[in-house]
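In structure tokens below, several structures.
Okay, so chain A shows up in both of these, paired with chain B first and chain C after.
This part shows the complex of A and B:
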């Protein structure tokens, strides 16, 4: 087991980061918002942490806190404006946000040079990106010191989201997702809760971006292109967006599957795509769908005791499937 | 509901099968035997075979290429060429009784993919050396893992700065732009005598941006005046604004640091705007693709570029390589293929000279490689483990690259 972990530690790290990203988009999706801005917020977080790490001696914790703070500060005004849009229109606007962040990172140095007048200044390093020095990870309790922060971050997120899911906020979220107008007539301040979900999602994504820097180490704009936004969306869509377990399962599967399937070589992408397609076709609400699994879970105990009696099983069947 | 159950079961079964099958070949087939043979060979070698190379069994070499994703246009030709070279080496008995086993992995053109592929090759397949990865920034992310574990890495397409600086196990056989471009400018300035140029470059790509930086330096060093510097982004199709401005400035030549598609469009639109054919296009590695002439057609005529390799080179074994590649894959090899092909031979020579499967011994033998005849020319590593060989300057004539001679 320790060998399995140490031999696959990067994949495990990427799974943990992707779980946080999946959870960040889950918050918006569970409130009925199709936002693709998370790759952009991830970039904000990653660049903040990378600049803190290269320009100062401050620890990663400070970078993480600043990343989350900056993500929140950007998400608040942007969310206020853009959340007037719905569905695909919101998707397009948030996609534009991701591109703006990427282009800003690419040309950030020009901007800063223009303001400061210092022609030699290098902060964002354009397309070459910021490269963090490599330090060999130290093992603490069987896990490298780079893995622990993400693991703790994920556990904290799960705790918060699980609490929210069962709280009044979770019901409000579901109400807005299922029917926004009906929710509004019930006296729910729809705009406020949408904004809350958007900002929380942005903060989580920024934090995930910050925590990814010691692992990816090379922070360049190419990390945060359109396909990254789609990948993050896929975690929640495949896993299921009605329960917080969904994006965890989705992110784990989508990150580990290409690695598990490496033995297939050229056919890897085909099989990978096939598995995802089958999952989407037969479980359109995601792998984790409380309605589907809940029904499954409840049905079995009713069948089992009667199975032992033999003849009663036949009678029980129509009852079980009604 | 029943059908849905079934499908879930099938998906889960597929997953299980995937996990199970994934473990058997790596756990049972490769890791254990290579482990034992490597240890056995290393121990037996000094006593048993004083004269011979001491090599036997399989030598596992990893290769990480971008076979899918944004850089998937480069990876496949690298993969083809590396496989061709391994096949030739194994058939020729160059390594005595030993055979090279090439394990190719795809990095999906991402840093995450490259890191995971390196981890898999080093931990599961126990390779002694890794070729690649295709992209420079992926190399910066993944190479430190190999450096830490003491596994030799030979980059065959990484041209950015800061690659071999990662550590003493990191080599590359791809000439950095900082070697190729100054040579191009010096040779063409002598032949064509241009004095003032306009510069265009793609600013959102690490490769074209660093190409621009080197061009700028080389132009300044050669006392050439830069009239204007215009930028564009990857995927742009309309360059008329930049070119109209350039036309007004009347340059002697236009220096373009772009990938083939954008470069081709720039050439077509420049000629359409009436920039005369005497104003030559000078570019870097991005020009060196058959796509340039295909897209630009007659507009590409006379375009000059520097390269590390040229299909008509009379370097050792180049003709045989081009023919073998054509016969096997039905297309012309490009520079990426040539560098990957040469890379396998450089590595094989180092393994042969080391006479051992020990990565440390292979590393030391790699660093000693000097004046080795390869398809790239007479090849050496300098003290920074960067390549030393003669770059070429080529020009497009009748839709094909030819060596630039200057008298035309």
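This part shows the complex of A and C:
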């Protein structure tokens, strides 16, 4: 087992980062929002943490906290404006956001130099990106010290999302996703809960970006292009977006599949693509669909206790159904 | 009388719902043309008219899903037109839809719990930390929803996914969900559509029971027998105008109403 981990530590790291990103987009998708801004928020988090790491002696924890704070502060006003849009219109607007963040990172130094007047200042380092100094990771309990933070982050996210899923927040999310106007006529402030999901998703993505820096080490704008946003979306689409387990399964599969299929050599990408296509065709609601799997185990135990309520309840049903 | 008492008395004397000269244009077409009427507290009002008369448009305007071009809606003398739908709901207006709009992936119990969410406190932080208060509120909401389902004799449906129910049961669950909001006025858009006569009879009994409990109802329905049987008063729309209003037996024999229904036996 330790061998397996050390041989595949890079893949495991990326799976863990991608799980956090998948969970960040799940929050918005589960509320019925097709937002592709998560790559942009990831970039905000990564740059924040990388700048803290290179310009100061502060620990990664501070970088993480600042990244989440900055992601939240940017998501609030942006969400207020953009959440008036729906479906593909929202997708396009949020993609635009990702591009703005990327271009700001690319040209940020020019901007900062213009403001401060200091022509030598280097913060974002343009297309070259910020490179973190390499330190060989220390092993703690069989895992490198760069893996632990992201693993703990993922576990914390799972706890939070699983708790919310079973609370009234989970029901409200589902209600908005399934029928927004019906939800509104039940007193649900749709805009408020959409904004909440959007900001939480942004904060999660920014945190994932921050924790990815010791693993990626080179933080440059190419990491956060359009295709990154689509990758994140694919985790949730393949895994399923109605339950928090979905994006975890999706991110794990999509990240590890190219490695698992390495023995196929040049045919690898074809098989990889085929597997994803088949999954989408036969399980369009994702690999983790509570309705599909629920039929196996959930339905029977839940219904049984209702039967003891006696014949009076049954008779109340219209005769036409008997 | 003190000032507060006077105000309370004024509210009590006010009609539950007051529709004031509501006009709504879709492009150049007036879907509603200066429609006015008052709904008395604790009564069942029937809203009838041929297809395209503007009945659903009116209910959409009352519930805040649509804005009127002009005119006002007052709930116990409080202006509610112009408010977003969730605030209209919080003010005490519940509704169902002509084309049933349940949350199909959720169970019946969960649907009703969503309807009850305004009564449920518990902050985001409290929920995430599973604080005792949040857990208690969650438990209470669940019990409340079960109690409501039991009182409607629908407890046996609680664990079933709403989308898997029969048509008639879906209609009843949608009413239960709206009742979970604890509204003062309930707007029902064709509650008997698609029901057989036994189910319609049951529905009639049920709506009369709701009136006994003090609820005010405004019911759109094409089933004339049902409307004439349960309504205290009937309002008739045709091409966006109110053409008649009165007790069922008077409206039934109104010449304009008979003409609007093209000589149909009303």
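Simple rule for what comes next: the second predicted complex is superposed on the first by the 297 of 322 C-alpha atoms of A that agree within 3 Å, B and C clash if a C-alpha of one lies under 4 Å from a C-alpha of the other, contacts with A are read in each partner's own complex, and residues count from 1 in each chain.
As a convention for this text, contacts are C-beta pairs under 8 Å (C-beta built on N, C-alpha and C of every residue); 3 or more make two chains touch, one makes a residue touch a chain.
It should be emphasised that the depicted structure is a prediction, and the values quoted were computed from it without experimental measurement.
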### Task
Have a look at where A:118 lands relative to chain B and chain C in the superposition and call it first, second, both or neither.
neither
### Query
Which holds for A:145: it touches chain B only (first), chain C only (second), both, or neither?
neither
### Query
Touching A:167 in the superposition: chain B (first), chain C (second), both, neither?
second
### Task
Check whether A:87 is in contact with chain B, with chain C, with both or with neither, and answer first, second, both or neither.
neither
### Task
Report, in rising order, the residues of chain A that make contact with chain B in one complex and with chain C in the other.
321
## Note on the structure
The chain A residues in contact with chain C across the complex are 160, 163-164, 167-169, 171-172, 174-175, 178-179, 181-190, 196, 242, 290-291, 299, 302-303, 306-307, 309, 313-314, 316-321
### Query
Along chain A, where are the residues that touch chain B in the complex?
6-11, 14, 103, 106-107, 126-129, 131, 134, 136, 215-218, 220-223, 225, 227, 257-263, 265-266, 268-269, 271, 275, 278-279, 281-283, 292, 296, 321
### Query
Which part of chain B faces chain A closely enough to touch in the complex?
1, 3-5, 7-8, 10-11, 14-15, 18-19, 21-22, 25-26, 67-70, 104-106, 108, 110-113, 115-117, 119-120, 123-124, 137-138, 140-141, 144-145, 147-148, 160, 162, 166, 203-206, 209-210
### Task
Using the touch rule from the top, collect the residues of chain C that touch chain A in their complex.
63-65, 84-86, 88-90, 94-95, 97, 101-107, 110, 113-115, 117-118, 120, 122, 124, 127-128, 130, 134, 138, 141, 153-156, 158-161, 166, 168, 177-178, 180-181, 196, 198-199, 202
